[in-house]
Structures are given as C-alpha cells and as structure tokens.
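Naming follows writing order (A, B, C and D), and every chain is counted from residue 1.
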Amino acid sequence: SKPFVLLAGPCAIEEEERVIRIAAEIKAITERLGIPYVFKASFDKANRSSIDSYRGPGLERGLEILARVKSELDLPIISDVHLPEQAAQAAEVLDIIQVPAFLSRQTDLLLAAGKTGKIVNVKKGQFLAPWDIDQVANKIASTGNKKILLTERGVSFGYNNLVVDMRSLPRLHAAGYPVVFDATHSVQLPGAAGTSSSGEKEYVPPLMRAALAVGVDALFMEVHDEPALAKSDGANMLPLAGLEKILKQALIIDQAQKDCQKIN
Amino acid sequence: SKPFVLLAGPCAIEEEERVIRIAAEIKAITERLGIPYVFKASFDKANRSSIDSYRGPGLERGLEILARVKSELDLPIISDVHLPEQAAQAAEVLDIIQVPAFLSRQTDLLLAAGKTGKIVNVKKGQFLAPWDIDQVANKIASTGNKKILLTERGVSFGYNNLVVDMRSLPRLHAAGYPVVFDATHSVQLPGAAGTSSSGEKEYVPPLMRAALAVGVDALFMEVHDEPALAKSDGANMLPLAGLEKILKQALIIDQAQKDCQKIN
Amino acid sequence: SKPFVLLAGPCAIEEEERVIRIAAEIKAITERLGIPYVFKASFDKANRSSIDSYRGPGLERGLEILARVKSELDLPIISDVHLPEQAAQAAEVLDIIQVPAFLSRQTDLLLAAGKTGKIVNVKKGQFLAPWDIDQVANKIASTGNKKILLTERGVSFGYNNLVVDMRSLPRLHAAGYPVVFDATHSVQLPGAAGTSSSGEKEYVPPLMRAALAVGVDALFMEVHDEPALAKSDGANMLPLAGLEKILKQALIIDQAQKDCQKIN
Amino acid sequence: SKPFVLLAGPCAIEEEERVIRIAAEIKAITERLGIPYVFKASFDKANRSSIDSYRGPGLERGLEILARVKSELDLPIISDVHLPEQAAQAAEVLDIIQVPAFLSRQTDLLLAAGKTGKIVNVKKGQFLAPWDIDQVANKIASTGNKKILLTERGVSFGYNNLVVDMRSLPRLHAAGYPVVFDATHSVQLPGAAGTSSSGEKEYVPPLMRAALAVGVDALFMEVHDEPALAKSDGANMLPLAGLEKILKQALIIDQAQKDCQKIN
C-alpha cells in the first residue's frame, strides 16, 4: 500500500545554494525510500518571537528560489502565506498554499488561499480544539475548493509548552480531509528561550511514530543541514544527516498501521 | 485618586443609529460616574468562528460611523485592525489602534500599528505566557512609538475554555506599559457553541472585580443594548441596562486597591 | 459587616516554642485588626515531593502541641488528616478537620472526617473542576454533617504550575457551603524545584485581593517567622513580619466587595 | 522479540462467576496471541465520583476472589491498595501491588507497597509532570524494593478532560523502570457525566497504537463482557468481544516499534 507523503525542508529560505542542496538531498533520500516528497520552505517568518530575528528573503525573491527548486529538481512546493494579497502571486509557484497556525481563524486569508484553486494546508491553531477545525475547513471549502489538508502541530498546554493530543488525528480525519502531522513544530517550546522558542528535537521520532501509528496521510518536518546555524527554529529542526534513518522508522510504523486497519 | 479608564462599546459596528445610541448612553453613564471613556466597536470581525457569521460594515463605512461618534459625542475611539495596510487609514479616525489577540505575534501588523504614532493596544494572545508580551511590546516600541497598552483576555485552558491567570496582570505591568483587563472576552468559551463561541457573562462582574483588586489601568468591556440580538459575541456582552451598577462596583474596588497600595 | 475568617499558621509543626510564638503573634495581629482567627499547622506532611523531606512530629506529638496552642492561647485549631483512622483522634483537639487536595476524592477519608461532627474543610483537588466539588461535598454531607468548608487552591495548568480560576469561587459557593481561598498554596509551583515545590510568594497579595474582591468567607495562609529556614513550603509561605500589612489590604478589599454587594 | 505484557480485567470485582469468566476468556485470547497476561480487578473503588457508586466487595472478599482466579487459572494478579495497612495483606495474594494515580504522592502508601517486596505499579497522578515520577519512584526504591512499574494514564487538561502527552513515555523510561500505558483510563473524561466520569472508548485503539509505537513494556486495559452493565467505568472499558482484534493491532505495532529500534 502507498506510504505517507513527506512535506519537508528548512524552516526559512536561507542562502539559495543551501536551499537547493537540502532539497536535492531530501529528494534523493525519499526516492531511495519510495516516499512522495513535497519541498517546504518559508519566504517570510512573519511571526517570529523577537523583532530582531531573521525573517527570510520576502515574497518576490523567495518565490524565485522556490521556482528554481521546482524546475531544477522537479519537486512540488509548499510554502506559507501571511496576508490575503500574497495568495494569488504565491500560487503561481506553489503547489500547496499553507495557512500558519496563528492565522488559522483569519477568514480572508483562508478564502484567498482557497480561491487560488491550489491545495490548501491549514495548520490547526494552538488555541483550537480538534472539532474547531470543521469551521476552518468550511471557510476554505466555501470558495468551491475542497483540496484541503489539515495539520496537527500541538495545542497550548500551560505556558511555553505544547502537547500533541493524539485523539486529534482521528477527529481531524472526521472533517473529511487528509491529515498531516507536523513532527517538528509539535516539539516546540514556544517562547521558552526568552527571545525565541526552544524545542526538544529528541521527541520528534517518538511523536512521529505515535502519529503514524494512529494514522496520518502526510508528515511535515523541518530539516536543515546545520540546525545549530539555522536562522530560525534551529532548536526543533532535524539534522539532514539523520533524516533517512528517521524516515525508515516512519515507513515501518506507517505500514504497520495500515496492516492494523486490515484487522478491523 | 484617578479611576481606571473604560474602553467599551458593542463588539461589532451594527446599524449606525444603534451605535450612536449605545455610545451616547455609555458616555452619559461614565460622566455621571467620573470615569474616562473611550468608545470601542469593530468595523470588521475578521476571525469569526464560522464563514456565515456577520463581519461588520468594513473599513471605509466603519470609519465613517466611528468618525461620527467621535465628532458628535466628542469621544476618543478605539478599534482593531487586521492587516498592516489598514493601520494608516484607521489612524485618521482612531485614537487607539488595537491589535487582536490571534494576531499579537504578527510582526508587520504590530509595526504598522506602531508607525501610526497612535496609542497601540495589543491583546495578549490566548497562546502566550505573560512574559511573552515583552517581545510583542518590543516590536511596537521598535518603531519609536512607546504609547502601548497591554490587554489580558485569558489564556487557553483545555478545549473551548479560557482561564484568566491573575498573576498575569502584575507581570504585564512589569513590561513597563499600562495594563487593560478585557472583562467580557475573558468569559468567552471559544468555539463552544459549535459554529460560534459561547460565553458566561455571569462571571464578568467577579472577574472584573478580581482584576481591579489586583490593579489595572483600564477596563475593556463589550456592551450592547440588546445582547440577545447582537450580531456577534452576544453570549458574553453585557447588557447596557446593567452597566451603571457594574461600573459602580468597579469604582469601589478600584479605589480600594489604590487604598491598599498606600499601605505597602 | 463581619470580615472574613483567617486560617493561618506554619505549614508543618516544627519546634514547639516556635509554634507557640507564631500562633501568639498572629493572634495579636488579628485581634488588633478584628479578624476571627483559627490556628493551622500540620502534624504530618504525608505527601512531600521527596522521601528525604521533613514530615512533622506525627499524630500523637502533633496533637499535644496543637492542644497547647488551643488551651494557652484560646484559639480554635485546624489541621489535616491523611488516613480515615486518624480522624476521630484528631477531632479530640481540632475544631476543623482538613482533607488535603490530593485526597479530596478518597471516600473513606471524607466520611471519617464527616463522622467526627466537626467542621470539615476540604481542599479542591488540583485535578478537579469547580463543579466536581458537589460530589465531594455530598460525600461528607451523607454522614449528616453539613458543616463543610470548600477551599480553592489552584488547578493544574501544564506542568509544575497551578492557575487560580477565579470563576471557581462563585461556583464553589453554589454548592451551598462557605468558601475558603488558600492564598499561599495557590502560588506553589508543584515539583518545580526538582526534589521539592517552588513558589512565587510575590503573588500572594494580588491573588488574595482578587479572591476577596470576588467574595470568599475565609482566607487560608501559611505563615512562618523565618520562611527561608522553614522545614516545608518555605518558597510560598509568608513572612510573619509582613502579615499585618497584607491583612490590612485584605480587610480593605473584603469591605469593598461587601459594599459592592449592596449595589446589586 | 518478546511482546509487551498485558495487565487487564474488569475495573471492579463484581459477581465472582463473572470475574472468573472474564479472566478465563482473556487468558485464552492472550495464550492464542502469545502475550504474557496479568489479571487485574479492584476489590475497592475508593475514590468514586459519587457516594452512591458501587465500590466493590472489599479487601477480604475481594482477595478471596482474586486468589481463586490465581489458583484456578494460574494467572498472576494485579490490584490496587488505598491505605498503607492494606498492602501486607494484599501481598499475600497479589503479584503486583498497584498505587492509584490520586495517591501517587502519598509517602506511606508508597513505602508500604514497596515493603511487601512485590512488584509495585504506580500510576502517575493526573497532576504530575513526567519528571515528577523520579521522586515517586525514589520513595518506593528507598525500601530496597526496585521492582517498580511506572504507568502513564493521562494528565489534567482543562476541566473534565485528560490528555496523554506521548513525550511522557520516554521520560518515564528515563527513571530506569519499565513503563506501562493505561489505554482505557487515558480516555476517561473525569467527572464529565456529573455524578460519574464519562469516557471516549473509541480512542482506546489509536492511543494504544500511539503508545506502543513510542515504546512501552506493558499495556493496562480494563475489559468487561458487558460494559454497559458494568458497575464502574463502563464508559471507558473495552468490550471483551473486541479484545482479540485490538490486541492483534497491538502486536503489529509493538513489533514494528521494535523493528524501528534496530535502525537506530
């Protein structure tokens, strides 16, 4: 049976050659493993903890780099938009338009993403219950576009902490759309480092296995060749060097989950 | 000693004459009680739970109505913006630019609000710790505008529920700016009514008294002459008919808290 | 109108003369302020974080010391029991039998406390919703003893943290019994110091004022003449030297809240 | 490689013949599947939500019934104790002494359980962080008995809800003892049915798969031949008729997780 889809890449678009290098490397790994792959990177980190943090190259230059990944490496592309007006332009390059978690209740952004006709991946806000996603999906679907992905990335749990409620995954499925598990943002400790978020990347593999054992259609992961030097989210990004081993685990659990479904 | 400031009005701008009537009535009450008053209403509810909910008259028409309140009733005005591009135009009418809680991490919106030179009231996101507000305020202050208000409106507590952590109020003060307590959104049960939020308005007076006893500079309250007919947030808005009694309670506790400070 | 009742004293029974000294001092302060006073100290800390922590003198010796406080200083006494078999013996000295928060669902302990015929103060578990207290109170009341006090001491909020939901206080009142606010345990950070709990005693006065402004019948506070040397809960106990000023604040807010009720 | 151990049986000891029947049936299933099995049932439900709820046959009669299961069916037995004085007597029949979650901080109960020399299974309190278990385990180990099991059964998440933080499982392992996942209490909605707890048993299989994919040494499950008629926890107990299919899923995921470990 078909494996999950992987949405992966560095958090932010950094140097062009680094972006190409990471994309090419992940492509090679996923081809070896037979995993469908979509490249992810953000042109703008519009909600960093601190005003002094790196934001990215911006929409114009970011789309140029993403277009190069798309054409040179023949990869579909996912990236996030932050304002309604960005959606149409981004859709000229992107295959999947992503709506960030903090913005998952902003009606105009959801509508603008839907109107592009592209697949829309909406991250469930850290402040939403699983069933709250129904209204979010309805907003997108009201545009006539029902190519929707729903992403779990953890829910607020006290201060500077998130917890993944695995009950959320079947409940998101019940909305009628494919479900994505964001394995690297789910281990963020938002704001825990004072002027930035911290993270516990040692929990990425176990949470990834847990979500796959429950059953998800896609995995979202941020990956960097040198996380310690990354310009954002270094604390929770996976090192590229370890990706293949982690994806081998993912394939084993994904298959096991599909075998379980045959019992039911 | 001087009492708190009141920021109050209906959640959304509805019919023009109703808006004027509510503003005039609250003005009369606050003049009788000696409470400085700023009129509040939103021209656009950009993040309603459901796509089918009322949103408001929009920026242009909304600002016209707010300008009429301002000139006819000689009241300062607060309203919220949702996109960076709205800030400058809104600042032509508004005295206080408000940044909604869900958007309290959006850097460009905070900067656009700051750059108007107006007072900026930012609502602390339901997903933020009290100390996370420091970075939020720093973003606004980076524009050179330090006329900032910080509003507490509850933090995510399980699903479809908020809790007000009263420890937050002194911690917000520690950021160096005046603190506002939003007494009506703090009793929201977000999304709890399925396609809309529910609310427990019976808890507005006790939470308001609690916050004033801790010590706040301003109260934010949504008030409507007929909450049951209101086009948004009817479940947690206060009826106009009961406002004067509640404000009398507020004055008593506010004064008592100021008396307490003399003991320290 | 009559002020709140104060339940106060050191967390654990330490050296006998220290206990007497603290009790005498609090008695003098409360007499000056006209506050009814009940002495509190525990003979056994049965649920310390660590096996190496001080537990207290035990039931026999502890009751002897409490009996001396009672007779020498003519004070009513409150202390906590941990096993059903302790209740009857403790009731020979105590005026109020307290059931600890972790044990607030243990049926036999609630029944044994009820059967003493003494006033029973039950602390709402950190894992209970406000309305869950109804069933707890019903267990005690099933013994025919309806002299019940219900204490709020915070609810679990993420890890190693508690939050006081001030909505809880009117909801506890709705159960039909007097409500106590535990101002010092509410600022505990359970387990946050690794082998012990930490605490933020700077938040005791604001939370105390908040609870009084909402409306409570009694305040519970742990007080020590040298908190830094205390054998338990030093991080959240109030220093005896500051108690009078804090109680003056409490009286001001308590009176203000009662004045508010006249408006309604 | 060896599969997980199953700890399973009805919540409470009900009619003797029903207990024997359930135990025999689970024994037959686990023998077919090659899963080591320990029978579980409680002689006393000491912390029911309501005073009117069924508690069980009590210690004496309960141990008689458990002894019959042990001898007739040749099964090891686990059950829970609620008071220190029960531990020694219970240890005459039980192979594993269980400490309930609400009582997981009660030092004397932990010590009494440890002193029996039997395996001690302690359920992590709903109010504890994963790392808080270190001190709990240390209390038991201080008796010289290091045969300790640590059980995850969810943590408080807002009111009347629990969430399983899957990060907890590796953190419990880090304490140095085998880890158990309680798949049926983890889906409880404590107190949510007013005078009793509710539950979402449809989430037992996905949470069980998630925990096994993370990696646990044993599964704890409450099972009843007629859950709708059960005298306690009917809302979250599994029907016996569906157990074999669920355990087949469990074996698939458990094996897959062990295969993943070979990659690392």
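To be clear about the criterion, a contact is a pair of C-beta atoms (placed from the backbone, for glycine too) under 8 Å apart; a residue touches a chain by one contact, two chains touch by 3 or more.
Owing to the predicted nature of the structure, the values given are computational and were not obtained by experimental measurement.
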item	value
Chain whose average C-alpha position is farthest from chain C's own	A
Higher-contact pair (C-beta pairs counted), C-D versus B-D	C-D
Copy pair chain B, chain C: interface residue numbering same or different (half cut)	same
Intercentroid distance (Cα basis), chain D paired with chain C, Å	33
Averaged-CA centre spacing for the pair chain C and chain B, given as whole angstrom	36
Geometric centre distance via CA averages, chain D-chain B, whole Å	48
In chain D, residues with contacts to at least two other chains	157, 159
Of all residues in chain D, those that touch chain A in their complex	157, 163-167, 169-170, 187, 200, 202-203, 206-207, 209-215, 245, 248-249, 252-253, 255-257, 259-260, 263-264
Touching residues on chain A, where the partner in the complex is chain B	46-51, 55, 82-84, 102-103, 105-108, 125-132, 135, 138-139, 142, 155-156, 159-160, 190-191, 195
Interfacial residue positions of chain A with respect to chain C in the complex	157-159, 161
